[in-house]
């Protein structure tokens, strides 16, 4: 459980709204529930915007009660639905959304989503002056300013579950498996899964694969058990990468199998960690609004929640050195 | 629990061996354990052949004790390792294997594997006269004479777990998902998963996909929730099939996503059903040997275990009409 | 997938209702969904009665649509809620329920529940003449006429998951664990879990525990690994039984630990098997009504669904010899 | 992934040993694997002591290789076995253990266990001067100096899985459930599970239960859905506590059900978080030895690993305010 900052409420609100945007992530429902319940506990009416920014544009906004978030903390996906709303990149559309909200008497907004969604939230807050708090909701853990994002822990465990299954076959057949996990620009899932899955190699987006990268792999029939290997490959931007690696391995005498874990990593009941994280972030989002923050994200740093300006979510801080941690651990454990 | 046939022991053996062959299937370890323990209970020494028929050829055969099968009933894969041994298609190699066994004083063999492995078992038994009992160990459930095979129930539940996750995203985004499950010649996993997963469509290997197959799917923005759909596609022999269907759906205005569940379906801890099935089949294999059977598979029909001649494992019996069951249920439930 | 009987529809209905009664069982939602969808496919309006027979008495009955059963096939519990309604044992109350139904134009009823609920269904059908089809929904698998009930497979897998965890500790500490599973009058869960969990002993409700029952258990410090043991105990009618056994074991020099799995066995997402079973039974319930059955349960025998008169659900048929199967397997595998 | 401290190696070792002691915790195997592999990477021979301190006394110590820790990262329990060794409280026995180790040429020890085990490690290091590094391995997370312990995250997720199941029944029947989770002196599991499980009440060891504690719970039949409630109770030191609460609730007109999760919380495959935590701690333990630490525990504080003197493991530091976090979150979310 991350440490919770002490905050002094100095503002008041009658009505706020909450939405989920971009790719869904396990724990989004727990976050929505926390926003709604904390708002109610603070005497604020809370509304749910459906389908992300699209619902702001369409006015698909409905009142939420304690009851409407009952029994959702354990569910994957998002009861508010989500969407990638390209229109919201236009300033005119953002003003239209602002009008929809103000017409309904809504004075502040909580946005749960990844970096694209938070970028939209930042523009909206800056231009319209409406207070907005963002929550990092993305399985990729690719918001540099925050050590943790809603959904990451669940995605890692889902990928691991698949990898534990694949290892059964790899070991039984003395075979090399290439397993692609999510992470287009980010190797966080691959790193965590690589260590936790006891992988033999991890190929991050920035890893340079060379002809001798996998030379330790045995192809000898007589060393059956050492023949099996698990290679974790981050999705990266090049869709063909895993197939190229497979091709290289074939040339070296292996019979690699490819598994692309894909969208299964997005769904499922959130882990305890993600439920507590999302619940904490949702509650703190409302507290941040009451404390006068209005263009910030709830982030995690050095084991504590903190208010990160939406302008700075792309700035990593040097102490939260997940990459270095991976490098130093990996060297020792392999 | 399937009914167990009454059998009269009329033979005796000093030593038997057991092997796992072909693709691994969850429950193989439970079957090996049952063969070993039943053999010991009947006063027979039991040996484990490593890496399937390859181990017969190489002489990679080791004595098994009650202890060597302790704590494996819940493990996926196979502690005996497995292999697809192409050499075993040659008669000379089969005779070589026979000699290896007889030199070690082994008088009978239990083979756990799919149809290819059982075909090898049949030839070996016919040619050499050594008693062989086969167990259907394959996640595909594609042995026509038997209603059930070791690993099928686990594979269905593993695929379902993935599908339950995918549905979270499909529902949250109003999106069409195409999910490929295993089954090259067999639609059993796809049928079971289609019904149990509440799928909207199931494409079996034999299904003819036409231009109007998916016409019920809504593309209207206003009917967001009805836009989501799950389409289960059996692997089939044409690797491009799922991509072709995705192409068709794109032309019709959908944005389908593809998930290929792949090898994750092979591994993992077996379900209770598969452990009981495998334990029963393993025990009965030894009982069949003692009762004088010698070129048979332990099959399941009408809720009971039975001895199926290895010559007849490709003959479906009309009562076990899984296909008809699927067709009639699917029509009603969709 | 069980074989589906061929049925000729000879009746028609405008409106039917469905309810869940007694202890909840995983798969009840899948069964409700199948009843509703099949009714709709057959042009019948379907109503959901809330809280079992209590809702019949109170008139808590609501129309169901295809949409109201969307996305429930994978959920544990019952969306219709359940209750043990003692009042329904009175004839006057049953007639009151009949009037409620006929006032709403409802012509037939599907009841999903255990033996108490099915006994109520039988009386209701006999007295009022309204056609009623029962579905065996109970984790205990204690309806003698049927080889399988909705929820049993899930409960077995849930118990096994707990037992696999407990074995980790038992093995690590060389310790004896007594694990109580559900089953007041029925040893089905205990038998299945005992075999699938690789237990050392299984105490069924009818097992006579004697002073020498557990004498094989080693207490020697030097045989650390053989000291660990798993003993599965069916709940039975005597709540103190497991504590008495623990007391006996203490006197023999063991330090047994007790785990009572309890209500966790009731809930959770149903397995693929239970979803397919429940979907099949729900669909067939409607087909049975249309074929003129009106005081029957959908049962499973010899691998096929069949219509079992509600008068005969307590009669076991000799072929479905789960008990004998357990006895003969257990002797060989232990 | 916690930040890894930079360390300068200034010592060297030829042989070290590792043991697991006290109650087993998921992730102990991952920690053992990391100690062994890091030692090998640093050119040190590593030995495994079986059955905790008992194995030190008995001399049950075996060489470990990269191979002997293959395929264990995902397994619950401990391959080294564990024991609570009361003898080790005697100084003479600790000197005997020291002699056993020095005779084998072992120069340092890594101890994985809870506070009792770490207290033994501290005495051993102080008295004999042999360098010892402790790892906090306990599901209870009750080492005040460290924010996290090996096994805690897994135990929380296991308890949550059970609670998600129980909620299905609680909701279906409108019933109150009391669920006891582990934690004799510590409410960490109960707090985390209470928030993540969406519980209605959490009773920590220090919570004072009064006559009006549960007065919000409805007993009205007409408010069926609000009747259900989940109350999480930490085990505490008073075994009867949960039964007393159940008695109170009965007097107030409820029909509470009791579930005691017990030992199932100890076992099972560790989560990704616990595998990474344990792998990191295991690797760093060896690095700490090489950097000259010799009476320390690897702890976690403010998102980073640190060297905590074994003398200070009972001192909480004010920033890691899990209790305050729980209190402030709980007030808002309930």
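Think of it as A, B, C and D in the order they're written, each chain with its own count starting at 1.
Everything that follows uses one rule, which is that contacts are C-beta pairs under 8 Å (C-beta built on N, C-alpha and C of every residue); 3 or more make two chains touch, one makes a residue touch a chain.
Note that this is a predicted model, so its numbers are computed, not measured.
Trainee: Please state, in steps, how far chain D lies from chain B along the shortest route of touching chains.
Mentor: The distance in steps between these two chains is 2.
Trainee: Farthest chain from chain B, going by mean C-alpha coordinates, please.
Mentor: The chain farthest from chain B, judged by C-alpha centres, is D.
Trainee: Please compute the C-alpha centroid of chain B, do the same for chain C, then give the distance between them in whole Å.
Mentor: 27
Trainee: Could you tell me the distance, in whole angstrom, between the mean C-alpha positions of chain A and chain B?
Mentor: Averaging C-alpha atoms per chain gives centres 36 Å apart.
Trainee: What whole-Å value do you get for the distance between chain A and chain C if each is reduced to the mean of its CA atoms?
Mentor: 39
Trainee: In chain B, which residues are in touch with two or more of the other chains?
Mentor: 164, 167, 171
Trainee: Sort out for me which residues of chain B touch chain C in the complex.
Mentor: 1-4, 30, 33-34, 37-38, 41-42, 71, 73-74, 147, 153, 156-157, 160, 164, 167, 171, 191-193, 195-198, 269, 271-273, 275-276, 279-280, 283, 286-287, 301-304, 319-322, 324-326, 328-329, 331-334
Trainee: Residue numbers of chain A touching chain B in their complex, please.
Mentor: 20, 23-24, 26, 50-51, 75-78, 81-83, 158, 162, 164-169, 171-174, 177, 224-225, 257-268
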